[in-house]
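Structure provided below as structure tokens; questions to follow.
Each chain gets a letter, A, B, C and D, in the order it is written, and its residues are counted from 1.
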Amino acid sequence: MILQGMFAPIPTPFSPEGEIFYDALEKNILHWKQTPLDGLVIAGSNGEWPLLSFSERVELFKACTRLSGKRFTIIAGTHCASTSETIELSLAAADAGCDAVLVLPPHYYKGQNSHRAVIKYFTDIAEASPIPVVLYNMPANTGWNLDWSIATELSHHENIAGIKDSSGDIVQIARICKNAATGFSVFAGSGSFLLPALSVGCNGATMGVANIFPDATRAIFDAFSRKDMSLARRLQLALIDINEAVTKRFGVPGLKAAMDHAGLYGGPPRPPLEPVDDTVYREIVKIHDDFKKFYEEVFSS
Amino acid sequence: MILQGMFAPIPTPFSPEGEIFYDALEKNILHWKQTPLDGLVIAGSNGEWPLLSFSERVELFKACTRLSGKRFTIIAGTHCASTSETIELSLAAADAGCDAVLVLPPHYYKGQNSHRAVIKYFTDIAEASPIPVVLYNMPANTGWNLDWSIATELSHHENIAGIKDSSGDIVQIARICKNAATGFSVFAGSGSFLLPALSVGCNGATMGVANIFPDATRAIFDAFSRKDMSLARRLQLALIDINEAVTKRFGVPGLKAAMDHAGLYGGPPRPPLEPVDDTVYREIVKIHDDFKKFYEEVFSS
Amino acid sequence: MILQGMFAPIPTPFSPEGEIFYDALEKNILHWKQTPLDGLVIAGSNGEWPLLSFSERVELFKACTRLSGKRFTIIAGTHCASTSETIELSLAAADAGCDAVLVLPPHYYKGQNSHRAVIKYFTDIAEASPIPVVLYNMPANTGWNLDWSIATELSHHENIAGIKDSSGDIVQIARICKNAATGFSVFAGSGSFLLPALSVGCNGATMGVANIFPDATRAIFDAFSRKDMSLARRLQLALIDINEAVTKRFGVPGLKAAMDHAGLYGGPPRPPLEPVDDTVYREIVKIHDDFKKFYEEVFSS
Amino acid sequence: MILQGMFAPIPTPFSPEGEIFYDALEKNILHWKQTPLDGLVIAGSNGEWPLLSFSERVELFKACTRLSGKRFTIIAGTHCASTSETIELSLAAADAGCDAVLVLPPHYYKGQNSHRAVIKYFTDIAEASPIPVVLYNMPANTGWNLDWSIATELSHHENIAGIKDSSGDIVQIARICKNAATGFSVFAGSGSFLLPALSVGCNGATMGVANIFPDATRAIFDAFSRKDMSLARRLQLALIDINEAVTKRFGVPGLKAAMDHAGLYGGPPRPPLEPVDDTVYREIVKIHDDFKKFYEEVFSS
């Protein structure tokens, strides 16, 4: 399996009572099926994985593969703090029909993250997982950067298929693109640097903003492929504000607010995450609508 | 309840097969009962809490209160990523007879940790917990610092009893001591700065090194109380190397190695943590024995 | 003046006795005149500005403009810690015939760098300088990041012509490209991310590696302009190792070693900088020769 | 020479026109002579050394030694970015009658600060300086921490007399106290952690707040010496707010504002530093007066 294309790291919908809201999930996935999205990341950072129980994650994997019905490549976020639990959840993800698992480096005991220890951790998981492992570098959340030398070494394992790098360190991403084993996928982990990532050789991306503007993110891929660098750049620069709003600035609550506004189901996050307040909601609406208007004008002309 | 004195943040013993090893736990606790320790912290960072399941933590709390038999004040580490799960585990800790719960700030979605959000998180838990909450600041692991202004504001909640501050920021600790509500306990979170922390008004400490040298840490408290500052300083300076070895430098694996050497049960950590290698083991043995020799010479003269 | 194209941030040559070595400077500049370089940055970080006296910098500016003889756009590094001294040196740079001045944000008293204070600092200098100011963001050296909102605000000043951003934060660079005033130049500050920077709209770059491989850096510009993204990418990925070797990894001493090896004059840096040792020298030679061989193969085919 | 006691890192007074204001300097020093201060640090961070020219620093050293007339131990801040200029200024400081020089680690090219390189830098200066060198660790300004292992190694040089550590890392300070050569002085670099620093063995301190409340800082030393730990703690805790106000929070402008309010000459800082605005001035006045009132009440009872 070679992973490529445009993935949405979907949020997990909760009912007002705080349970996983499967009707809303179905509504969202039915919508995404009509878009150019290539795949979904389930129970990643946007999916509030730390706030889900083990069994909730398993049920979520099952629901998503059922609702996808082969339409999407499904990457299941199976990171748990312990190696054994991560393996157990990866087995369950494979059983549920997911295509790959997304795994973070160890990060609570980050003081013990020697190069050797991190290699061993991912290798142990890759050996045990029936489906390929995708490395997940997310230093803004973990406080620890998975550097290119580790990623490159792991790229040679036959069951490690790629990396999602959300660090924003474009030189690090370029070094992985250059040095990784053939067939290893390098995914940009944010829509804010999609075009620069494509320019250095990434073959895919998972982007919060792809949940709400999949057409626009696809348009950047396509413009880049057609070598319409001017259009690609215009779209990329315009996309940053809305992507930052639903990631770094306002986090999962911001993404859910934007989805509510866009006619998808966003709903409440789980505490300690809190819904955005009215002021932030209005700001997100404005940023969303500004981008939408820009995008429509570009393609109406 | 006013928390004070000297606490050991105990490691969770695992059998060679990786299960919680209750016979070893009993052996260790029987030993600690013969020392001047005032209390135990269960399933904290040294207890590998992220690597334990919810039910394992509950069983561990029960076993520790049973084995303690009122001898120790027991603080249960009940932090989970979600507010509701933390509350649920805190209820279980109260049922198990623990005296207080130790709770970290939210830290995976640290970008959303506004002052207000962190206040709300701890307040929600304090409102729901039958036993007092102890705040736990551990930026080396969480990547986020719980600053003195938040701690001070929370100190006025009637069910928030204190803070364990492992940051090593002595000015921050001093500001908490100065500004916190009366009766709020401020605990040094490391044996490396016990004496400076006492000098600014801390009334207790939880220290990795207290697992293996409880007499020595008590001797620092006592010397400080007697105003024998010269002895207190000699002991403090000597204690740093062994305390750093079993915390920052070699982590939980280092602490477990030192316990094995000292005649307690250390045993293996859970992966991804790995036992120390032979070179590190020998270094820990040397640091341990050097301190032991120093300590015996001080008290034989 | 609109700044654009490819600039070399040249090192300041010192004789074995430690004086500025003008014969070597002449040799180097004569060489660079035969290359596709568009401009030179004098007394920047690679030029060891902190290790030069005020009068040495003035003399250096004069020598460079004389040796350039209108061939190059010359940007003079005139940052001094105080506003008044920076202005004085900028006046001298203008007198010497330089085209623009490069100025860092204040950084020793970085705790006082409010948005307003930094705006005032650059505005004061821009008001007083006879030649345009180029902002210089170099957080690896200064410990302080000049963010896109400040750069954008300053871009509207008529005597602030552009920014050299060496942060490597490609999203920040993209935001400046999007939001800056028309005609404001955005320069990549490193050859390691030239192509990604071009992809988001930069119109120039100053790159350590341009001192030794100006043809190769020009080839990336040209390939990008021709929309030969495949060649641009191959060159960019190959360029990273040698660029990192002469910047982040081995610093100015590494750049000077590479220049010595490449037939230019590198010579010794000024203490506290020390020449690279033999092991590092051999590593630099290997990285240099590997790139050279790669480059020749690309263009011989 | 063994350095010990309480030092004020004095600000450099400027006239409204921006020149060094020697009449104001004389007024301030005459005042300090009537206090229990043991020494003065000239042209340190509080002295705005980066904003002074070489010759201004020399004149300042001369004026201070003349005005002191053997009353104070005088430590001259002679750090320049280059080794040779630091040596030259250290020779001038010795000629001017200063007792020691205060030198920062290299910090612009911090990427090249290997252990070996920093050792060489300080050793070169210590070999050349006629008067002892005091190491100066100030990571908040330099962005680079001089760790205890380097300080300990340098402590064995016969012309390196001590360290001023402003890091606030009390464990690092304790390790220097434990491991440094006999006779090496360890100075706390801030009044916010004076008492903790004394508790681990520091024999002196240089503190911004000592410029305005020398009696109070002396009272902490004395209470500690008399083993009146309760009084020492009360004073230390009370001192933090005013010390932070004139250091971290409002910097040199804050210190100068407090001095103006206290009847000394503060005056304007040099740009890019700006005087505090009215709101901050009023806050500083309140913090100053609150401490003064507290202090008078303590000693009137």
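Before moving on, here are some points about what is shown:
In this text, a contact is a pair of C-beta atoms (placed from the backbone, for glycine too) under 8 Å apart; a residue touches a chain by one contact, two chains touch by 3 or more.
Note that the structure is predicted; figures quoted are calculated from it, not measured.
Farthest chain from subunit D (centres taken as the mean of C-alpha atoms): A. Chain centres here are Cα averages; for subunit C and subunit D they lie 36 Å apart. Spacing of subunit B relative to subunit C, judged by their CA centroids, is 50 angstrom. Residues of subunit C in contact with two or more other chains: none. Contact topology of the protein chains: cyclic, one closed ring where each chain has exactly two touching partners.
Of all possible chain pairs, those that touch are A-B, A-C, B-D, C-D. Interface residues of subunit C facing subunit A in the complex, by the touch rule stated above, are 168-171, 174-175, 177-178, 190, 192-193, 195-201, 224, 227, 229, 232-233, 236-238, 240, 244. Within the complex formed with subunit B, the residues of subunit A that make contact are 18, 45, 50-51, 53, 81-85, 106, 108-112, 117, 120-121, 124, 140-143, 248, 251-253, 270-274.
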